[in-house]
Amino acid sequence: LVRDLPAPRVVLLYVPHGDPTEQVCAELLGLLETGDIVADGGNSHWDDSRRRAARFAERGIHFLDVGTSGGIQGAREGACFMVGGDQGAFETIRPLLVDLAVDPVAVVHAGPSGSGHFAKIVHNAIEFGMVQAIGEGVELLSRSEFSYDLPALFENWSHGSVIRGWLVELMRDALAGQPDLAPLSTYVEDTQEVKWMLRWALDNDIPLPVTYEAQTALMEYRDLNWPAAKAVALLRHAYGGHPVHSASEPHRS
Amino acid sequence: LVRDLPAPRVVLLYVPHGDPTEQVCAELLGLLETGDIVADGGNSHWDDSRRRAARFAERGIHFLDVGTSGGIQGAREGACFMVGGDQGAFETIRPLLVDLAVDPVAVVHAGPSGSGHFAKIVHNAIEFGMVQAIGEGVELLSRSEFSYDLPALFENWSHGSVIRGWLVELMRDALAGQPDLAPLSTYVEDTQEVKWMLRWALDNDIPLPVTYEAQTALMEYRDLNWPAAKAVALLRHAYGGHPVHSASEPHRS
Amino acid sequence: LVRDLPAPRVVLLYVPHGDPTEQVCAELLGLLETGDIVADGGNSHWDDSRRRAARFAERGIHFLDVGTSGGIQGAREGACFMVGGDQGAFETIRPLLVDLAVDPVAVVHAGPSGSGHFAKIVHNAIEFGMVQAIGEGVELLSRSEFSYDLPALFENWSHGSVIRGWLVELMRDALAGQPDLAPLSTYVEDTQEVKWMLRWALDNDIPLPVTYEAQTALMEYRDLNWPAAKAVALLRHAYGGHPVHSASEPHRS
Amino acid sequence: LVRDLPAPRVVLLYVPHGDPTEQVCAELLGLLETGDIVADGGNSHWDDSRRRAARFAERGIHFLDVGTSGGIQGAREGACFMVGGDQGAFETIRPLLVDLAVDPVAVVHAGPSGSGHFAKIVHNAIEFGMVQAIGEGVELLSRSEFSYDLPALFENWSHGSVIRGWLVELMRDALAGQPDLAPLSTYVEDTQEVKWMLRWALDNDIPLPVTYEAQTALMEYRDLNWPAAKAVALLRHAYGGHPVHSASEPHRS
C-alpha cells in the first residue's frame, strides 16, 4: 500500500499507544522514504514521540505527534488537533487535519517534537478533574433529600451556567438514558495516560491535587478490596475497640 | 415602592447571602401581603432558604429559592435558574425568569423549598473542581520545556475537544489578556459557599476528594505562611538533619 | 449518690458525646452545689464544653473539659489527660487524674474552658492521619511481589525506626493475630469527632489535606456504592466509549 | 583497603542513592572476589538494588539491600535494619548489623533481593504521612484561639496517648527549642525517595491518598509561586468578577 502512494507520503496513525504504535513505526521505518511524513494521532507518551521523531529524522522522514481530542463523536463530527514537530511538515498535513477537524482553528501547531502529545495529556488531566467534579455533583444530587430530575438539571446547566460545556451535555444525555444508577457497577475503566502526567509532575515538584484525586478515584472505583481498609479496621479495633467486620456480613448499601 | 406595586407582588432579590439577605427578608415580611412572592436569587444556604420560606408561609407569602448561574456575563446576556419552592408560585414568576435567562430551558423547577439553592451550590462545587483542573493544566503547560502559546491551545480546545465549554473559553481570553503570569499574586478570593457543601457531605459521609482539594487550593493560594510547613521542617530536621530555613532567606522562585 | 458525697464533690464523666453527655449534665445541674466540679472526660465538642461550663458557672459549679487519650489499654494501664477550664479546679482534680494517668506528666492544664477538648480532637486528627498512613503501608507491602512477614516488619519498625510508636506496635500485634486480611470487610466504623475539626478548619481557612484524606478514606471504606463512580463510568462511556459494567458482573478482586 | 581485608570481605555502604552508589558499586565490582558481600544501607531504589545484585552475582559476590531506619539519632544510638537478598549472606552480616542496631530484633531478613529497600521506602511513605499529620496538628493548635503551650501538649501526648512515639517526642523537643514559628521559612527539603513509591503505586493501581498529600505538601511548602493559583485567580475574575491581585500587594500574613 505504502509503495503505491505518490511521494511525499503522509501516514496518519490511530493505533493504541505502546507496543502497537512501536511496531507500526518499526515497519514504516523500512517502507518510507526521505520527505515522507508520519503523524501519530494516538495518545503516545511525548518522550516516545520524541524518540521516534529522532529515529525517523535519521532517515529524513518527518514524525509529527498529533494530539487529538474529541472522543467518539469527534471522530465522526470533527475533532481538534494539537501538533508537535517540524513546522513545514505540519503545514503539509494541515489541510488533511482541517478536513477531520470541527473547524480550521481546531488545528494548531503546538511546538517542537513531543509538544503535541504533551499538550494532549495535559488536556486529559484537565478532563479527569472535570469528569470527577461532575461525578461528585451527581453523588451530591443523588444523595440529597430532594428527588431531583437529574437530566433536567444538567439540561438547565447546559444553558447559560458557568459550567456549561460538552461534558455537562453528555452527562445530561447519559443520565436521561440511565436514570437509575443502582444496577450499575462502580467499576471504571482506565487507559493509563494521565498517570504519565502525574509522574512527570512528581519528577518536577508540581502539585496536582485535583488531577491525582481524579485518577485515584478511578483506581478506587475499580477495586473495592483494599488491604489498607482492613489494616485501618484492625488498628482502630486494637486501640479503640471499634468492631472489625467480616467480608461475608451484609453491610453494603 | 413595594406598596405601589399591584398584587400579587414579586420581589426578586440579588443581595449577598447571610446578613444582607436576612435583613431584606425581615423588612419584606413587614411589607408584603398574602399571595405575594419573594424570590431569592442569591447564593443563600438552602437551610436558610427553607427557614425563610416557612416564615413567609406563615403570612401566606411564597418564598422561592432561585439558584442562579451565569456569572457576570450571564447577568448581561442571560443566565440559568433552578428554582425551589411552590410550583404555582414558580409558574407565576417563570416568565420573568425566562426574560432574564439565556433561553427558556434555562429555567427549571428543581423541587420543594431549598432544592434550588442546594442545586446551585452543587453547581458551584462542580465549578470549583473544573476551575482547579484547568488551573493545574495551566501549571503543567507553563512549567513544561515547551514554550506553549497558551491562548492558542485553549482556543484549540474550545473547538471540538472533550473539555470544550465556557470555562475553557474564559481561560483562553484571560490568558490572551494576561500572557505573563509572573506579576500576579497567588492570592485567590473566595465567597465561601462551597464550604457549605463540603460540610453537608461530611455530615452525610459522602467523599468529595476533588471538591475538597479545589477548595483547599483556594485556601492555600491565599495564605502562604503555614505553621504546618514549619512544623514539618522542624521535624524533618530533628530526625533526618534536613536543613531548616529562615523566612528571610531568598528561597522563593 | 451525689448527695452522700462530701463537698466539694467531683464528678468525672465518661459517657458518649452528644445527647448522653447533655442529659447527664442537665441532671447534675440540679444536684450539685457551689464549689463542686464536673469533669467531662469524653470526646465532647469544645463549643459544647464551653457552653456547659458557662451554664455550670452560673451556679458556681466548675466544669472542666478533660481530653483523654490512651484507648482501651489506657483505661486499664494509664491514659493521658489535657484539661481545659479553671486552674484552681484543675489543681483540685489533678491527683485524681494522676492516679488514672500513665505517669504524672501525662496530666496537663491546657488552658481555658474548651481548650482540653479542642486539643483532644487535634490529637484525634493526628491519629487519623497516622492510622491511614500505616494502612497505606500495609497495602503497599501486601500488594508487592515480595511475600513479606508483616508482623516481623512491624516488629522491626518498633525497634529503632523513625516511625516507632504505639500504633506501629498495635499494627504488629493485630497483623500477628490476623495475618490473612482476605476474610475481613473493608467496613470501618467512625465516631465522627474528627469531622468537627475538619469543619472548624474549613471555617478558618486552614488546609488539612492529610486529615481530610484520612477521614474520607473511612467514609469510602464503609460504603462502596458511590453514585459518583457510576456517573463517571457513564460519562467516560459517553465521550470515550469505555465500557460501563453492571453491578452483577463478577469484577471485584 | 579492600585488598588488605581477609576473605570473605563485607562492605557496608552508606552513600547517597543514585550516581554515588552506582560509582562505588562499579569500583567494588573490580575489587571484590567470589564470596564477598556488599551491603547497601542507603535509600536506593529497590529495582536498582535488584539490578546490582544480579550483576554482583555474576561474579559470585553477594549484594544485600539493607533498608536502614533510625535517623541521625539511630546512627549514634542504634537503628533498625530490614535486609533483602541471600539468606546465607544475611546470616554472615547479621552480627555486624546487630552491633549497629538498637537491639537484636531490629535486624530482620525481609526476603529476596530488593525486598529490604522496598520495605524501607514503605516505611518512609508511612513516615511522610505521620509527619504531615503532626504538622497539621501543630497548625490547628497554633491557629486556635487558645494560647497553647505546644511543647507541654506534645510532652503530654508522649505519655500514654494513642499517638505516642518517637516523632511526637521529636516534635516536643523541636517546639521547645523553637517556640516561635514565625521567623521560619516554609521551605522544606526533600530527598525524593517517597516519589518512587508513589510512582510504583500508580503503576499498580494502588490508592495512596495520605502519602500523596504528604508528598505534595512538601512540594507546595517549597515553592509558593504556582501558575495554577494565578490561572484560577484569572478565571474566577473572568466569570465572577473576583479581584486579581498583584504579586507586589502586601497580602501575605
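Note that the chains take the letters A, B, C and D in the order they are written out, and that residue 1 is the start of every chain.
We take it that a contact is a pair of C-beta atoms (placed from the backbone, for glycine too) under 8 Å apart; a residue touches a chain by one contact, two chains touch by 3 or more.
In this text, all values refer to a predicted model and were calculated from it rather than measured experimentally.
Enquirer: So, comparing C-alpha centroids, which chain is the farthest one from subunit D?
Expert: Centroid comparison gives B as the farthest chain from subunit D.
Enquirer: Distance from the CA centroid of subunit A to that of subunit C, rounded to the nearest Å?
Expert: Computed from C-alpha means, the inter-chain centre distance equals 40 Å.
Enquirer: Just curious, how far off is subunit C from subunit B if you go by their C-alpha centres, in Å?
Expert: 33
Enquirer: When the centre of a chain is set as the mean of its C-alpha atoms, what distance in Å lies between subunit A and subunit B?
Expert: Between these chains, centre-to-centre, one finds 27 Å.
Enquirer: Going by the contact rule already set, what residues in subunit B reach two or more other chains?
Expert: In subunit B, the residues touching two or more other chains are 71, 132, 134, 136, 139, 143, 162, 166-167, 206, 208-209, 213, 216-217, 220, 222-223, 226, 228, 239-240.
Enquirer: Using the contact definition from the top, classify how the chains connect: line, ring, star, complete or other.
Expert: complete
Enquirer: In the complex, go through subunit B and note every residue touching subunit A.
Expert: 69-71, 74, 78-82, 84, 101-103, 105-108, 110-112, 114-115, 118-119, 122-123, 125-130, 132-134, 136-137, 139-141, 143-144, 146-148, 152-153, 155-157, 159-168, 197, 200-201, 204, 206, 208-211, 213-214, 216-217
Enquirer: Please name which positions on subunit C make contact with subunit B in the complex.
Expert: Residues 162, 190, 195, 198-199, 202-203, 205-209, 212-213, 215-216, 219-220, 222-223, 226, 228, 239-240 of subunit C touch subunit B in their complex.
Enquirer: In their shared complex, at which residues does subunit A touch subunit C?
Expert: Contacts found on subunit A: 71-73, 131-132, 134-136, 138-139, 142-143, 166-167, 170-171, 173-175, 178, 181-189, 191, 209, 217-218, 220-249, 251-253.
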